[in-house]
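Here come two complexes built around subunit A, the first alongside subunit B, the second alongside subunit C.
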Partner chain A sequence: MSTNYAPPVPFEFPPIYSFPPFFTLQPHAPSRDKQVTAWVDLIRAYCTHHRVYRLSLNASILDLPLFRNAALNRSVSRDMLHTLLTALVKADLAEWTSKSKTHVFVYWKSLSEWSDTLVAWAKDNGFANTVVTGYEVRLGDYVTDQEFYAMDEAVFAKVVAHLDHQRRIVMINPSSNVDELGFKIIG
Partner chain B sequence: MGQGPSKPKASAHDKAVFELKKQRDVLRKYQKQLATVLDREHAIAKQCLTAGDKRRALLALRKKKYQEQLLAKTDQQLVTLEEMTSTLEYAVIEKEVMAGLQQGNAVLQALHQEMSVEKVEAILDETAEAIAYQKEIEELLGTKLSEEDEAEVERELAQIQEEAALALETKMPSVPVTARPVAENTGVEEEVPTAAAAEKGKEKKPASYAPLPA
Partner chain C sequence: MRRQVGIAGLQRQAREKEQFRHMGDRLAASQLQQLQDQMAQFKSSLELFATKHRAEIARNPAFRRQFAQMCAGMGVDPLTSSKGVWSDLLGVGGFYYELGVRVMELCIALRERWGPLVPLADAVKALNHERASAAAAVSEDDVTRAVKLLAPLGGGFALVDLPAANGTVAVIAAVPRELNLDADRVARMLGDAAGVRPVTAEDVARSTGWTADRAQRCLDLLVADGIVWVDTQDDATTYFWFSAELLA
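And now, the complex of A and B:
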């Protein structure tokens, strides 16, 4: 995960987080399914709260409070993490970044939800039908209070591509460098 | 998904605005970078001072001063860029207003063309002709109607005259009755004037005694 965002209030873990067996994949299939569902909900809530756009199977990710409960001295194993990420992808809440399946983009908001958010922002703030740059929308001075501020570059590129596909923007300068993207949001 | 309107194209104007905004972004990034550099130089100066290296501290501060000047310059450039962008965007609005005016003017002209003086005159002439024709017809029909009317009027007149005559006749008999108060009338004598009036027909009798047989 990579984010500079500091949430105003700490994340409140659900009670199940303090239940030690929660950190071990259950052998009994029905219990395991329930457990995985609970994990998917928790990951989504956590990523929403902390604006996490990426998760990986790196060892470092297991140090994240989400996967390591220091008070219980329990943490998720790498294999279990793989299972959880797979479940997340299956629930359309994440997407493997590559075929190697080591990283995921976490879609705590789906691409179409992000698209709606951007269009709504443009309409509400006088940015509709004017040329904006990727940098301006993602890191500009006018968006610091927006949910999409400092959005992951790759996810941002996907959202812009989605908008372009839906013809809700006019692409003026396509670029692999998201900062140099130029487009007009049709309002 | 192939539905939706055809893809709008980016205009040259959009590209120009984009280039300006891109330059603005470059400046903003540069400013952010300068700000971190400034902080670092400041930290270095402090560090050098505590270490007793006044020369290096001064150098760091000089560098910092220079960076600050750069920052001020970029601020100025940013304002210039923003102004240019605004001007461009405003020019587009002006263009749209112009286009609106032009369209209105074109419509107005087209309307005026349809309402040319000659056409109006021609229409008025035609209207006048039509009115005259209508009048002619009316007159023609009017005279015919009055002939018919005349016949009816005459009939009515005759009827009224007849009625008047009848009324007169019905009154007549009563006159002699009251007119001869002195005369020593008998029932026979009384019949004489009525008989004389009866020449015109029996109608007078029903007229006078109408209430009974009716």
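And now, the complex of A and C:
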């Protein structure tokens, strides 16, 4: 998990989070399907709330309250986490970052939703049709109150690529460093 | 009365007895006649009523419920039997049988989503959705009656009140085979503590006096039916919880 964002209110877990068997992958297939669906919903809601862009399949992630209910002394196992992330990817809510399948980008908003958000922001705030840098859009003083503020660099690069592909931006200065990107958002 | 002796007295007694009997027969006959008349009138009124309102009975759940209650009060049940004077007369008897069959079909169709326990409210919603075009809505009361009619078939269809987050929720238990008695007993144990505490195979064995093996087999069966979820995070013990679906 990589985020520095502190949400204004704590995340409210659904009732099923307090149900101990929720943390054990169910052996009976139909029960397991329902369980995984409930987990996918929960992970999406949690990542939206905390603006989480990445989840990694490593030991520290299992300390996240999302996957560990301290009050119940129950937590998701590594195998189960792999199952859950796979389901998340299958639901188009995440993407493996590499073939090794150890990290995912979490798309609590899809790339096209993010694209729409950026274009709307540019139009509403007078940044359309003028050159902006990646840094300005992602970390600038004008965007501190935006949902995309401090967006994960890799996800940001994907959103920009998506916009470019749709010809909704004009790339002025391509760069592998997202902060140095220069482009015009067509309004 | 002075005690009569001799032939004349005996004959008079016999005569009086005979007269009383006649009188009694006449009375009984007239009462029977009256009853038959009333019955005939009642029958024709009910027939008239039902013919007049047949469409309404088939269409309006609230009206149907009142009609069924009225008939039950009089000891006739035209809606729930397809054989007999009443339903032949009224032509409304098949209603609950047809509905029963549709409930069965629905439970089978919804098994993927709900497993063996279909909440009554959802069943009604699905039934009404399915026949939205027919414009003949059914109520929870109708479905309840229909499910009760299915009971003698032994298909495992029954209405059960399960504890839920707020009070109880009525569900149609549509286990394709009947829960065996062991499983039924354990399901009850679990249902009493739904969402509050789990049981272990040991608990079941202790409170029922069964062998550990029998308790384990029974719990495995409930897991395979999706009624019970397992929690294996304690090294030593597996905990069995009543299905989470009704909590979520």
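Rule of thumb we're sticking to: the second predicted complex is superposed on the first by the 187 of 187 C-alpha atoms of A that agree within 3 Å, B and C clash if a C-alpha of one lies under 4 Å from a C-alpha of the other, contacts with A are read in each partner's own complex, and residues count from 1 in each chain.
The working rule: a contact is a pair of C-beta atoms (placed from the backbone, for glycine too) under 8 Å apart; a residue touches a chain by one contact, two chains touch by 3 or more.
Computed from a predicted structure; not experimentally measured.
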| item | value |
| --- | --- |
| Contacts of A:Asn173 with subunit B and subunit C, given as first, second, both or neither | first |
| Touching partner for A:Thr133 - first (subunit B), second (subunit C), both, neither | first |
| A:Phe19 touches, of subunit B and subunit C: first, second, both or neither? | second |
| Partner chain in contact with A:Gly182 - subunit B first, subunit C second, else both or neither | first |
| First, second, both or neither for A:Pro8, with subunit B first and subunit C second | neither |
| Partner chain in contact with A:His165 - subunit B first, subunit C second, else both or neither | first |
| Residues on subunit B engaged by subunit A in the complex (per definition of touch) | 1, 4-5, 7-10, 14-15, 17-18, 21-22, 24-25, 28-29, 89 |
| Residues of subunit A defined as touching subunit B within the complex | 130-133, 135-136, 140-141, 165-167, 170-173, 179-180, 182, 184, 186 |
| In the complex with subunit A, residue positions of subunit C that touch it | 112, 115, 165, 195, 198, 223-224, 226, 229-233, 239, 241, 243-245, 247-248 |
| Partner subunit C, residues of subunit A touching it in the complex | 14-16, 19-24, 26-28, 30-31, 34-35, 38, 73-75 |
